[in-house]
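The same subunit A turns up in both complexes below, where it pairs with subunit B and then with subunit C.
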Partner chain A sequence: MSIKKWLSIASCTLFFSANMAIAQEAGGNLVYIVQPEPPSLAPYLSTSGPIGLVAPKIYQGLLDYDLELNIVPELAESYEISDDGLTVTFKLQQGVTWHDGKPFTSADVQFTIMEVLKKFHPRGPNSFKEVSEIQTPDDHTAIFKLDRPAPYMMRAFAGYESPIVPKHLLEGKDIREADLANNPVGTGPFKFVEWKKGQYIRLDKNEDYWKEGLPYLDRLVARVIPDASTRTAAMESGEVMYGAYGAIPNVDVVRLREMDSIGITTEGYSMINPMALLEFDTTKPPFDNPAIRNAISTALDRQFFIDNIWFGYGKTATSALSSNFAPTGLYKESPNYPGKPDIAAANKMLDDAGITANSDGVRLTATLDLIPYGEDWRRAGEYIKQAIGDIGIDLDLRYEDVPTWIKRVYGDYDFAMNLNYFYQLPDPVIGVHRHYGTDQIRKGTPFVNSSRYSDPELDALLVEGATSSDPEARVGIYHKIQDKLSADQPVVNLFELQFITVFNNKLKDHDFSAMGSYSSFDRTWLEK
Partner chain B sequence: MSFWQLYRRNTSAVIGLVILISVFVIAACASLIFPEDPFRLAGKPMSGPGLNGFLLGSDTLGRDVAAGIAHGARTSLMIGGLATAVAVFIGAVLGGLAGYYGGWIDDILMRVTEMFQTIPSFLFAILLVAIMKPSIQSIIIAISVVSWPAVARLVRGEFISLRNREFVQACHIVGMGDIRIMMAEILPNCLSPIIVAGSLMVATAILIESGLSFLGLGDPNIISWGFQIGAGRTVLRSAWWVCTFPGVAILLTVLAINLVGEGLNDALNPRLRERT
Partner chain C sequence: MNHSAKRVRYVLKRLLQSIPVVIAILVVNFFLLHLAEGDAADVLAGEAGSATPEYMAQLRSKFGLDKPLPVQLAIYLKNVLSLDLGYSFRHDMPVAKLVFDRFIPTLLLMVSTILLAVGFGVVLGLLAASGLNTWRDNLISIFALITYATPLFWVGLMMIVVFSLKLHWFPTSGMENVAMFYEGWDRVKDIAHHLVMPTITLSLFYLALYTRLMRASMLEQAGMDYVVTARAKGLTERRIVFVHILRNALLPVVTMAGVQVGALIGGSVIVESVFAWPGLGMLAFEALFARDLNLLLGIFLLSALLVVAINLIVDIIYSFLDPRIEVS
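Up next, the complex of A and B:
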């Protein structure tokens, strides 16, 4: 028996009930913040955050994900996975056209995945690694043939992660240089109109949008406002109505959330799953010793970061996986992630490991590199230095510019301990494996296994996790992976970062998808 | 009249001196008054002045602002003093050579000096610190590099005006070497403008260091006033004391140094000596 999902029925019901609750009003312009300015509007070439704030309104994916991470239809009305997990068949929506009037067909899907995303997208080669061929028996059917089962792939079909692009505008061209990057043509609810560099990007309603009656808004204006306090003031005055991904600094969020006209939410980031963490050079003393890494994990007050640096937003890490994986069952609360710091226990771990203190109470000295992404991270480094100074580990802090830091940690491995954050993304295969697998020790590639942790037992579990198509079996595998990682702590996970979206209360239904601000905004509407 | 009698005629210069001495005393006693590391998380974060045992309040992480100011005074004075010493040394050597020899040596050295002077000094300092890794050494080097041209021009001017005087020509006639003439005869005669310029330069150096730290380019392991202000600016609306007290410390110190510099100028400049 095959697993067959008829998504449109479920979504129609959902849509209908939403309709009954409040009557949406059509019309109005939404001005929102995009910060910093996107480098291009080519989501098929770059995963850069600001692109995600604009491009998914123009381009769509085959699927979308609701706030509970359930799969909902987008350009595909349904999909079917064969029993062996090696064939995935997508039935595409009827009557979809590109913004230039050409019909959208399965050939576009085939071209996008095989010729664009698999070749040029930063994460595409990973997400679609197992896809060997896409068959297009008719205009509305795309059949993905896989070499091995790839259940994680089903999490990578959103409009931001895997946008479907028009074959007729890219075929035969140099994909990286094509003009489409600055004049995007998609199937989405809004059409690209104008980009005034340094000021705004304007998108107008797509009158021929394939979803009946949508979108509600007439126009989107993504404004570039470089100065943080100006952004806050614009939000306060109602000049802009929406800002995500820290567009409004946490310190101002604390003030703005008291205003009646302003609302905030931390929803819409569950596909991103950012985790703050410490990486160690596990190949050299002192941090080749798991006891020391465990002692550091035990001595840190994870809540301190959240309360005193991130103004109450965030969640302490309790495992190598983010707790956002709890709905899928993969997440497991693990030992060695104490809720409260335990200095005595940490000291004992070091004593037991034979790491003794000199007359000044110093057991060892090391340099902590700090991620150069702003003041918050410096404060975090200053806190870590103080906190683990209490167990006799004397740290020197080093704060460099971004290219130097990336080269030092990921190019030259010239570091001992590094403060950073990683996106765990919608599936551990895409976001977490890169941190621990032996095959992910890729000198010169940023944000992979710079700890150079290598463990055959773990490697085997990671392969199992990536290829198993049985959700039940995956639960068991990932629980074992987390046990292993919390015992060894090649990376000490600190806390789950929580991005904040700030919006004007007149704006409704803006975060209806797990993609949050990276969604299409087709159901978003403005109260008059 | 003695130097002190000349100096104390200027009341504001005396006030400046008193403030400056107080800053020195605080810096010298920092480890006695606040024996703990100023980065230590001493108590409840964001406590107001006078609360929870914090004289001047605590910052976002619970560090004592008063301890930071006391230890930061050391950093500021040390960087100000060292950077100025290096800048004056480089400036005096290059300016002296250019002024004494003239000709092509002067041309080359002055073109180099002008090249440095055309770059806005603070931006140049930012660039230098960003290229080297932010540390106390790189900050001192950066401040020295952007500060010496002014000294070089001053010293060159003095040397040009003195090199043809009779006493210098007399030295030539008795067979003194160039180095000796420069060191023993000309330099002592232009010492007072150098001292005045140097004292004012200390104030500028403190401001540059504060600016760099404020922008996050300070040495992350050493506390300074600029760092305190930078770390506290995000909470200016909710915890004013974190920025305000270090700001006042910078203001008072820089003002004091300027007043002292003015007083030195009055006392050392022979033309102003009779001013009443």
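Up next, the complex of A and C:
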């Protein structure tokens, strides 16, 4: 028996007819916040957050994921995985055209995965590592041939993560240089019209969209507003109606959520799974000693960050994996992540490890680098300095600008301890492995294993986790991985960040997908 | 030689003199910018989420960052002399187009701010000086002190709270209504509507400066011998103030305005940020953090040219205000 998933027309129609009951209204222009301004509109080259807020309205993926993380059809109407897990067959939607009128076919899928994402996308080489070939027996069938099973790959087909791009506009060109980056042409519900740098990106309704009767909105305008207080004011005045990924700072969210005209949600981030954490240089003293890293993990009050710096939004880390992986069974609550800080226990760990204090009570001094993504992280650094000071570790804080910080941590490895956050993404293979594997010690590459933690036993487990096609077996493997990571703590995970989406209550059905604000907005509508 | 020919010669001479100045500005800035840690490739890769070392090397060679600094400088200067400002790899656009697109909003904001600040500053300074130590003088001086001492971003935010959120008179931010995209005259009106609050906010600060300067300058001139002479001739007070004193008192104000145009481009970053005004200040600010050196140098070049031009214009205005000052 093969695992067969027929999604397509039946479930799709059901979904729409169920929703029709609320009577969506067509028309209207949605102005929403994109901040900072995206560097380009090339989601096939960069996973930069602001690109995700705009590009998935233009480009689509083969699949999408609902709020319960179930796979739903997008450009693929169905898919089928063979028993051995080595063949994945996608049936593509009929009658889909690119914004320039050319038909969308399986050749576009083949080209996108093999020639674009696998070569140029930051995460594509990982997601599609096992894909050796894509066969296109006809225009609407794409057969992925894998070297080894890759169950995690099925979580990477959303429009933001793996956008399908037009072969006829990229073939034979230098993919990174192509004009498509600033003039995107996709299959999505909205067409690119104009980008006024420093002001807005304008997208108009795609009248020939392949989903009947969609999209509801006539126009999307992504506005750039540099100042956080002004963004809040524009949201209050109704000039903008939607802002995600902390566009409205938590301090203002607390005030805006009391307003009748404004709603907030923390849904739509379950494929992102951001985790705040501390990285250590595990190759040099003092932090090459796991006892010290464990002591730090034990001495920190994780709830303090959430209550006092992030205004109550967030969830304390209880393992190296986000608790959002609980539905898949992969997550396991781990030791060394105490619910309450335990200074005595942390001191004892250091004493047992022979780290003694001098006459001032200082055991060691180090510099803590802070991720330069805003004031919250500075506050967090100040708290860490104070909390760790209680166990005799004296920290200096360092806050630099983004290029300097990236070069220091990932280019020169010139750091001891670094406050950071990582997206764990929809599967640990895509988001978590890059932080711990020996093969992920890639000098000069940002957001990989900068701790330079290397452990053959863990490496073997990571390979098993990536290639096992049996969900039950994966559960066991990932529990072992978490045990190993919580014993060694090459990275001390602090808390699961909760991003907040703020919206005007006239805007409906904006977060219908697990991708949240990174979705297509085709079902989103405005109440008159 | 007649007067206007002299003036043309003077302008040409000044322009020639400014060429080495502008080149020196570029060279100094070039080396200063290269002192910063990290480069455009680091930023792009950081934003992209991840990148291979080969890709980073490829980026650097594409940006020309792998060549020695003096070679990079020589290439840049050669391009600038052939009027090519280079390419912004971050924006994937030629620098000239990017800078020009943002120059128009900056010019709008700058010109309206200077006009408002100088215009009102002169009037208020005049009123204060002519009613020395009366309630009028005190009121204007206190107003000037308060506007000068208040942080710009706070004024901007308060304007938004009062005039956008409470009274709904003006939009909070931006340069035009992007939900509607007006055209023709409606668009002009729409942009003017959006321009009001940023202009007032930015000019409040400079207004205080000009008011104080004008007041002091008026008082200084009022004690001069020529004023005593004019009064002895039996001229009306009105004529003395408006024809004799005012013209002389304007000189320092004009000087100040000339100097500050340069500062306005940089000083408007806060106002541009608060009101999301798409000007050069914000562009420069972002370019710095993205290590987009071509773009930054392009903006510096433009500001340098602007300052040179404005100073020249100021010198010419001098000669009109005070014919004793000769251009030569």
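Observations on the structure shown:
Basically, the second predicted complex is superposed on the first by the 518 of 528 C-alpha atoms of A that agree within 3 Å, B and C clash if a C-alpha of one lies under 4 Å from a C-alpha of the other, contacts with A are read in each partner's own complex, and residues count from 1 in each chain.
We adopt the following convention: a residue touches a chain if its C-beta (ideal position, glycine included) is under 8 Å from a C-beta of that chain, and two chains touch if they have at least 3 such contacts.
The structure displayed is predicted, hence computed values, not measured ones.
Aligning the two structures on subunit A places subunit B and subunit C next to each other without any clash. When the two structures are aligned on the shared chain, A:356 is found in touch with neither subunit B nor subunit C.
In the superposition on chain A, contact is made by A:399 with subunit B only, not with subunit C. Residue contacts after overlaying the shared chain place A:309 against subunit B, while subunit C stays out of touching range. In the overlay built on the shared chain, the residue A:251 is in contact with subunit B alone; subunit C does not reach it. In the superposition on chain A, A:132 makes contact with neither subunit B nor subunit C. When the two complexes are overlaid, the chain among subunit B and subunit C that reaches more residues of subunit A is C. After overlaying the two complexes on the shared chain, residue contacts for A:236 are found with subunit C alone; subunit B is out of touch. Of the two partner chains, neither subunit B nor subunit C is touched by A:505. After overlaying the two complexes on the shared chain, residue contacts for A:381 are found with subunit B alone; subunit C is out of touch. Contact with subunit C, but none with subunit B, is seen for A:181 once the two complexes are overlaid on the shared chain.
When the two structures are aligned on their common chain, the gap between the nearest CA atoms of subunit B and subunit C comes to 5 Å. In the superposition on chain A, the residues of subunit A contacted by subunit B and by subunit C overlap at 400-401, 404. Chain contact summary for the complex, subunit A toward subunit B: residues 249, 251, 254-255, 307-309, 370, 375, 378-379, 381-383, 385-387, 389, 396-401, 404. Across the interface of their complex, subunit C is touched by residues 29, 31, 36-37, 39-40, 45-48, 122-123, 181-182, 196-200, 202, 219, 221, 223-227, 229-230, 233-234, 236-237, 239, 400-408, 410-411, 423, 434, 442-448 of subunit A.
Those residues of subunit C that touch subunit A in the complex are listed here as 36-40, 42-53, 56, 90-93, 98, 101-102, 153, 157, 160-161, 164-165, 168, 171-175, 178-181, 272-276, 278-279, 282-283, 286, 289-291. Every residue of subunit B that touches subunit A in the complex is listed here, in rising order: 37, 39-41, 45, 60-62, 130, 133-134, 216, 220-221, 230-231, 234-235, 237-238.
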